[in-house]
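In what follows, subunit A forms one complex with subunit B and a second complex with subunit C.
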Partner chain A sequence: MLVFYTLLAIMILGSIVAIETRNLLSSVISVGIVGFTLSILFLMLGAPDLAITQVVVEILALVILIRATISVDNTAIEKHRDTFAMVSSLVFVGLFLVFASYAFLEMHAFGESLMRTSQHYLDNGLAETGASNIVTSIILDYRAYDTLGEATVLFVSVLGATVIMRRIGRKRGVNL
Partner chain B sequence: MTIYLMCFFLFVMGLYCLIAKKHLIKKIIGIAILDYAVNLFLILIGYKSGGIPPVLFEGMNKQTFSQQSVDPLPQALVLTSIVISLGVLIMMVSIALRLYEKYKTFDTSEISRLRG
Partner chain C sequence: MGMSLIVKKVTQFVIGLIFLYGINIILFGHLGVGGGFAGGVILTCGFILIMLVFGREKAIQKMRTNVAHFLSCIGALAFLAIALLGYIDGTFFFNFIDHGKEFHLHSAGLIPFADIAISIIIVSAIFTIFVLLVFFGRFVGDAEEYENDEEYVGNIDRNL
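== the complex of A and B ==
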């Protein structure tokens, strides 16, 4: 149990550094710390598939973010800070935290999962789909349309990024 | 309960970064932290103390497996969410780079001032 708290504390410290540091490159590296610690935490929580996916996605995200910060000149952020925006958002965030803690009082305790739907998957997953990994049997058989939608979203986002970043575009008002 | 609150504190820090910071890359970093917190929260809900991963090995007792395994349903859905968050990140970074090319700055207050 203690290992969860320790890893979460590391994640919180890393995100504080990522948010508050002035140098943009060290901020991006701190986000990398948070992501890789999250993958270790997934491994501890019994989700090895998620840990593998998180590592791959984190490496890609770090490469993209470092490309975004290195290619521009001003990697350090300017001095001036908007005090009013900071104070008002801190007040809002504190209120949010208080109300959320009331909501967490109503939830079931940590470590007692309800498992209303997924008990059926655990009991019959191997017999019905033939997959020994139950997560695979869910994403590729029981909820395959969800995965199809995921592939569509990924394709559309890559297409959108390509269209935004391309150099050659058609001039407005010119018929080709 | 405490671990839920810590996870929610991570979420709130991402939200604060999204609201209060002016730099576009900082805002993207805030959205990434928010993503991590939500994914982690869904997995924490599905955890069972002393749980094993939902993978059947040869020679494993079927009855104890379905008693001990952690919840596989949030894992399957969070797997989708992680990959989609990567797609969203790519899109945001490319839009931010385009804005930098046009306005020569990442500061959002400068960008709204320089219109036209």
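== the complex of A and C ==
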């Protein structure tokens, strides 16, 4: 249990540094600390699939963000913080924490689901789908509609990015 | 263009292993840890490594953006086709192929094919988005502002 609290403390520290630091590059690296610690947390909670995906996506996001921040000329933030926005966000975060604590106290314990579906997946997943990896059998067989939706979202995002970026690029004379 | 000789040489040694690992995770997604998404992102990281180390021309040679667009269409259509193939024996997404023997590579019917289709979508989509961000991302904020500024445009072309 101590390990989880340590990892949680590291994550909270990383996110605070990411918000408070004045340099964009160190902010991006602190966000990376949060992501990698989260992947260790997933690994210790017994979800290696999620851990692998988290590590890989974190690397990708870090590369893209660093690439994006380095290409920006001005990486230091000089503007002062908006007091009203900070106070109002603090109030709303406090309200959220109060109601969330009530909600979390009502929740079932970790690993004890309310519905019987997950138990059905665990009992019959291997026999019904033939996949020994239960996560894959859920996301590609029982819940394949969700995965189809994800694939569609990715496809449409690429389509939109290409349409928008190419128009700007053509004006600049850069053509892929 | 690109990074120093040491980085290039090390990348030449490592890149094949990265691709093999990604393909391994995709193909064994129904047996062990991994799956189409994680493996696809690992393959994309390999392409991005080529792009960062050898410069953009080399990476574009390896995977032209037209090919990437084509592949992302192919992947999406293949996944949809797998979904529709379920109608042969009943419903949408029905896993109608013989399930094979458990814990063997030939098992789980349609799931490995769906994994491959998803990995194709992921590789082409994320690679395309990265290429677009690298090539055009810096233009986004100032699309109208520097429209006719020849010197600014020239600087950008040199930096690319």
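We take it that the second predicted complex is superposed on the first by the 158 of 176 C-alpha atoms of A that agree within 3 Å, B and C clash if a C-alpha of one lies under 4 Å from a C-alpha of the other, contacts with A are read in each partner's own complex, and residues count from 1 in each chain.
Everything below uses one rule, namely that a contact is a pair of C-beta atoms (placed from the backbone, for glycine too) under 8 Å apart; a residue touches a chain by one contact, two chains touch by 3 or more.
Quick caveat, the model's predicted, so the values are computed rather than measured.
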Partner chain in contact with A:Asn133 - subunit B first, subunit C second, else both or neither: both
Which superposed partner A:Val57 touches (first subunit B, second subunit C, both, neither): both
Subunit B versus subunit C as contact partner of A:Ala109, first or second or both or neither: first
First (subunit B), second (subunit C), both or neither touched by A:Leu2: neither
Which of subunit B and subunit C A:Ser157 touches, first, second, both or neither: both
Comparing the two partners subunit B and subunit C, which touches a greater set of residues in subunit A: B
First, second, both or neither for A:Asp82, with subunit B first and subunit C second: first
Which of subunit B and subunit C A:Val98 touches, first, second, both or neither: neither
Common ground on subunit A, meaning residues reached by subunit C in one complex and by subunit B in the other: 48-49, 53, 57, 60, 64, 67-68, 71-72, 126, 132-133, 135, 139, 147, 154, 157-158, 161, 165
For the subunit A and subunit C complex, residues of the former touching the latter: 48-49, 52-53, 56-57, 59-60, 63-64, 67-68, 71-72, 126, 129-133, 135-137, 139-141, 144-145, 147-148, 151-152, 154-155, 157-158, 161-162, 165-166, 168-169, 171-174, 176
Footprint of subunit A on subunit B - complex, ascending: 1-10, 12-17, 19-23, 25-26, 28-30, 32-33, 36, 39-40, 43-49, 51-57, 62, 65-66, 69-73, 75-80, 82-91, 93-98, 100, 105-107, 109
Residue numbers on subunit A that touch subunit B, as the complex places them: 1, 4-5, 8-9, 11-12, 15-16, 18-19, 24, 27-28, 31, 34-35, 38, 41-42, 45-50, 53-54, 57, 60-61, 64-65, 67-69, 71-72, 74, 77-78, 82, 85-86, 89-90, 92-93, 96-97, 100-101, 104-105, 107, 109-113, 115, 117-119, 121-123, 125-126, 132-135, 138-139, 143, 146-147, 149-150, 153-154, 156-158, 160-161, 164-165
Subunit A partner contacts - residues on subunit C that touch it in the complex: 25, 29-38, 41-42, 44-45, 48, 52, 60, 65, 69, 72-73, 75-76, 79-80, 83, 92-93, 95, 99-100, 102-103, 107-111, 114-115, 117-118, 121-122, 124-126, 128-140, 143, 147, 153, 156-157, 160
